[in-house]
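Following this message is one structure expressed as structure tokens.
Going in written order, the chains are labelled A, B, C and D, and every chain counts its residues from 1.
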Amino acid sequence: MKRLAVLTGGGDCPGLNAVIRAIVKSSVRLGMEVFGIRDGFHGAVEGDFIPLGINDVSGILPRGGTILGTTNRDNPFSYRSRSSADEVPADRSGDVLRNLEENKIDALLVIGGDGSLSIALEFSQLGFPVVGIPKTIDNDVMATDLTFGFQSAVNFAQDALDRLHTTAESHHRIMILEVMGRYAGWIALYAGTAGGADVILIPEIPYNMDSIVKAVQDRIHAGKRFSIVVAAEGAKPIGGEMTVDRILEGRPEPIRLGGIGARLSDDLEKLTGLETRSTVLGHLQRGGSPLANDRILATRYGVSAVRAAIDQRFEMMVALQGNQVTLVPLKEAVNRLKLVPADDEVLLAARSVGICMGD
Amino acid sequence: MKRLAVLTGGGDCPGLNAVIRAIVKSSVRLGMEVFGIRDGFHGAVEGDFIPLGINDVSGILPRGGTILGTTNRDNPFSYRSRSSADEVPADRSGDVLRNLEENKIDALLVIGGDGSLSIALEFSQLGFPVVGIPKTIDNDVMATDLTFGFQSAVNFAQDALDRLHTTAESHHRIMILEVMGRYAGWIALYAGTAGGADVILIPEIPYNMDSIVKAVQDRIHAGKRFSIVVAAEGAKPIGGEMTVDRILEGRPEPIRLGGIGARLSDDLEKLTGLETRSTVLGHLQRGGSPLANDRILATRYGVSAVRAAIDQRFEMMVALQGNQVTLVPLKEAVNRLKLVPADDEVLLAARSVGICMGD
Amino acid sequence: MKRLAVLTGGGDCPGLNAVIRAIVKSSVRLGMEVFGIRDGFHGAVEGDFIPLGINDVSGILPRGGTILGTTNRDNPFSYRSRSSADEVPADRSGDVLRNLEENKIDALLVIGGDGSLSIALEFSQLGFPVVGIPKTIDNDVMATDLTFGFQSAVNFAQDALDRLHTTAESHHRIMILEVMGRYAGWIALYAGTAGGADVILIPEIPYNMDSIVKAVQDRIHAGKRFSIVVAAEGAKPIGGEMTVDRILEGRPEPIRLGGIGARLSDDLEKLTGLETRSTVLGHLQRGGSPLANDRILATRYGVSAVRAAIDQRFEMMVALQGNQVTLVPLKEAVNRLKLVPADDEVLLAARSVGICMGD
Amino acid sequence: MKRLAVLTGGGDCPGLNAVIRAIVKSSVRLGMEVFGIRDGFHGAVEGDFIPLGINDVSGILPRGGTILGTTNRDNPFSYRSRSSADEVPADRSGDVLRNLEENKIDALLVIGGDGSLSIALEFSQLGFPVVGIPKTIDNDVMATDLTFGFQSAVNFAQDALDRLHTTAESHHRIMILEVMGRYAGWIALYAGTAGGADVILIPEIPYNMDSIVKAVQDRIHAGKRFSIVVAAEGAKPIGGEMTVDRILEGRPEPIRLGGIGARLSDDLEKLTGLETRSTVLGHLQRGGSPLANDRILATRYGVSAVRAAIDQRFEMMVALQGNQVTLVPLKEAVNRLKLVPADDEVLLAARSVGICMGD
């Protein structure tokens, strides 16, 4: 194992730079070289490889984003070049393999979410040595207990709730915060529990508007003329839910950002008589400096991925299980979503302190 | 001067509690009593007065919101009670005066924006001793250089820009941040200058889409495939602008929150070919713990308003001019907006470091 | 199980209020009452019990400190009243039991560190039903993987390192940060790894000054004329270390706060020729609003402790093991310290990215 | 005016990079070139000049520190080279002038505190065109109302006070925070007022221990068994004060960092019977990302300094007076300290809300 390549794919996530830094620092200490591939699989197709030395990763640990660039639209197996937008997609996986070979890459480390890791698996099945590193701000990658970036997003959402709280209380309003989570409600559940939400709505639990209204009214009767609602962007009323099967088969239409919060706001104002305002956290959740925990997990992932490459443990993904970083087969992780189970301990704790989960 | 009353009116703003605390602490030291009126002029009509002692203001300095509650819809001169929503508005100013008298209030301190201060002026003209304390997160109250809360909002918007920056750079995107500022662009100008924005759009300078596109393209040519745009919610294209006269006469329809960012996003993506995403900061700008500067200014305002009451300087508003807190006639402050002038020093500095102001 | 009592003992720690809130909220929902005992075991001796209702815990989730007050010097089995300072310590455990009985307390929940939990164990052995909730900012309580407050402290220390970094780089200095950790180096290890430290010194690994100097000099040769050192307050040079046995037997003299950083600073400046400055984080690590993770863990602990009381699982302590909150016998937790083991994964990752651990 | 040089001298301060960026960006727009001189006057003597283009200042706005490096020990008029430590200091001002000439520098912009600006004045008097930009975290430079970095330091100190508050309250302690301010108490006064301190001690007002003890005891009698004290590092008891004359003439010994807080702590614990703890903020005040206000002021200073150079307004310093950036003669600014006057409005407001100023 002499030379590794690394790329970052999919949406921005706090901790990407920490992974890249750990890969470079630990590889160089072991006498290996690292190349970065720019803009995810786009650079893999186009041959945009750059050597990464210690100086290139100096000072990047606290920074959000990725020094390598990323995209969430390039798949080498169905690739459109950017110069001609109407071109028919082509299989350019051969170019990727040739570029890896020309740059004398012995193993490819892919930091990405479900999409990028699926592509990584395909290259592995074509015979190129690959190690995956899970990245999703939503924490919904299967086979790992935790992904870096998630806790930073939760904390930012919690801070937003702390901010909305005083305004809600001063104005006697319902304040709704819409957070990320198209299919899985981890951010909403964790941020809502930490931020003292009164109602938390997640995709896994279709909501009943009557329950929400009752929760708000119970608070009014107890003298609290304000309520805080956290809604995952994929939260759905009973009857309107997506099934995971539909999600996984159909690659459904992206849910329009801002939808659920605005809709809930109109309904709740009418049904409760309280002024109601909605805020969409949006892209702010993906930026910013990672929390300590995310920097540490990202560092452990980077170090472990290099170790896996040295040990020839390919077609695997690094994963956190309990307190240990371990390796799991890539194919157990991709094309599956880790949803909030009904007996999740944080969910049960949220219910125990009286948070309405919409059901 | 034996007993003061204080109320907070209009939208939430960091520093309200710091003003209330300063009023109570400085009054009690001088042997006076303070009553709080709850929920702004609603409580003034309904007689919702509570005594405020040192213990009531203990620990509130760092907290957002207002312990007194606030509303932005109650005008005693045109009042609807909440129990009967379809009631014709009535002049209930007599109730307010009677409640003030029954509670033996010698002077009323009104912390509020243009709306609340206009009402305060009317009561003053009816003969009740009033001192105003300007409050607007937008910093657009005339006759004062600065209002508390503004800097906290600017700083939060700047932090949001820092967050968007790394994502914009990693994804080679245009990121748009829509901030408060319906008529005046102070938050956008200050946050954009501090946050390294490439384009800042404010209501005072109608924008030319060609200029914005050119700014983005100039950056692409210089190797920077991302741009940051800050838009005040009231920013308008050339030809679409509101005039201040129309604003002041007509009390125009509220601009739909989220409008400008989303519209710009669609247009810029088409015109530049760069992925473009928009974020609306919304209510988050009003919450949270005030910055040091806002706490200090709020404290100075509170102390000075009490001093003004003792000195019988009524129908006045406390104001910051240069480095000094002074008093200005209430009628010079209300019904006028402080807009960003063309020769504002921060605006000129923004232009000097190459920020496109849309013109 | 009709009435619970709760007290907080030992040093301040972010998340105490979140535990109290979860205990009250979950108990009230189950039809039970909760009493708070003020100032830890001091209030238990003196009979300072107050009922805690939903309103008493409203709004306390984001706040540092404890609404119940705490002390770290009162032991009912060897108690000195405060009125007469030179009094001989007396066994006042009988007063505690009588106060618990008079207030009709069915079970006592003790939130505390090693000291408070040891006292809790003694009361349990006297026959009073007790459940323990571990609290230590140092994360050194045995039998639990994690304690609330630790991550908030780590994050604050990391932010401090981010601050020191730019100054170190601008001035070409060595900057030393001394953090908590008298016997266990968890905060130093985690904050240092997350904050990009070049050297981390923990009590578990006696340091060799030559190694530290070499690490600094290697950086100078690589063009980096600055270094960041994190030292746990209990870090010791080789030959000067405390053994755990001595710690546990002898209850050694408290280490003088500020000692190690200042000493290292003098030595490193002389040995490397670089300007060296030291900062002691001190009490700042204990304050502030808890991070989301700590609020969630604290909430889970509170809910689980109430559940344990209902299930009559006494003389137990709630603990996190992997991802699950469970119960462990109190006597397995107390009088033992959880030190950083030589094969700790974060420690190994720190070494892999080139951090000098002083050995 | 074709080519400017810029250097940063003295202690680190948030906003230095923002000034450098504004100088480069505004100069380049006007067709000029900028050179950076590394490590303050050290690089001026040694000829360490580097060209600064737009790309060199990209992304530095939010960062603490200075990309140019700085020192606070090099004076070209009395210079020791680092290679031979025991060398007799020599006048190397000729080397500086020759280096400026060789690099074809038309004007030198010096960003620094009293020391660096004094040196700048000497070069100006030797005939080299110089513009000064005041930098001091302490806000004690004469002839300007405000210096960048000061507000960031105040805000960090305020956050520290917020943290100490909950611990003080939970433990019924006196918590002392020692902040920067050797000769002027601006940081202590502002942070203490904003952070709700009970006692603020500044060098300008020698303190009477009896007054402090009385303030603490008055609080105990009012039911508040905790107090917060902020002390500038240069605070002195009555009889122990430094006079400004002695300061300016004698260049007194640096005050040992950590001194006043520790001394006060011992005394207050004895005199009040309350547990007392002290924390020294130290170098943390100088680091971190600048607040919006500091970034904006720094940007205005940078732009205005370039403008001054173009306008041939040499031997001047940019300064903020009221709301306007203006130019003042360098010699009016140096060798003088701006102390807190007895009638400072913030000081009076602090007294009005009951803060004990030690007198």
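Please note the rule applied: contacts are C-beta pairs under 8 Å (C-beta built on N, C-alpha and C of every residue); 3 or more make two chains touch, one makes a residue touch a chain.
Which chain is which protein? Per UniProt: A, B, C, D = ATP-dependent 6-phosphofructokinase.
These figures come from a predicted structure and were not determined experimentally.
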For chain A and chain C, chains touching each: none
Chain of greatest Cα-centre distance to chain C: B
Equivalent interface to A-C, taken from A-B, B-D or C-D so that over half of the residue contact pairs match: B-D
Length of the line joining the C-alpha centres of chain B and chain D, rounded to whole Å: 31
For chain B paired with chain C, centre-to-centre distance based on mean C-alpha positions, whole Å: 42
Rounded Å distance, chain A centre to chain B centre (Cα mean): 35
For chain B, residues contacting two or more additional chains: 162, 165
Chain pairs in mutual contact under the definition given at the outset: A-B, A-C, B-D, C-D
In the complex, chain A residues that touch chain C: 21-22, 25-26, 29, 54-55, 58-59, 61-62, 145, 151, 154-155, 158, 162, 165, 190-191, 193-196, 222-224, 289, 291-293, 295-296, 299-300, 302-304, 306, 322-325, 345-346, 348-350, 352-354
For the chain D and chain C complex, residues of the former touching the latter: 8, 12, 16, 39, 63-66, 69-72, 159-160, 162-167, 169-172, 175, 258, 277, 279-280, 282-284, 286-288
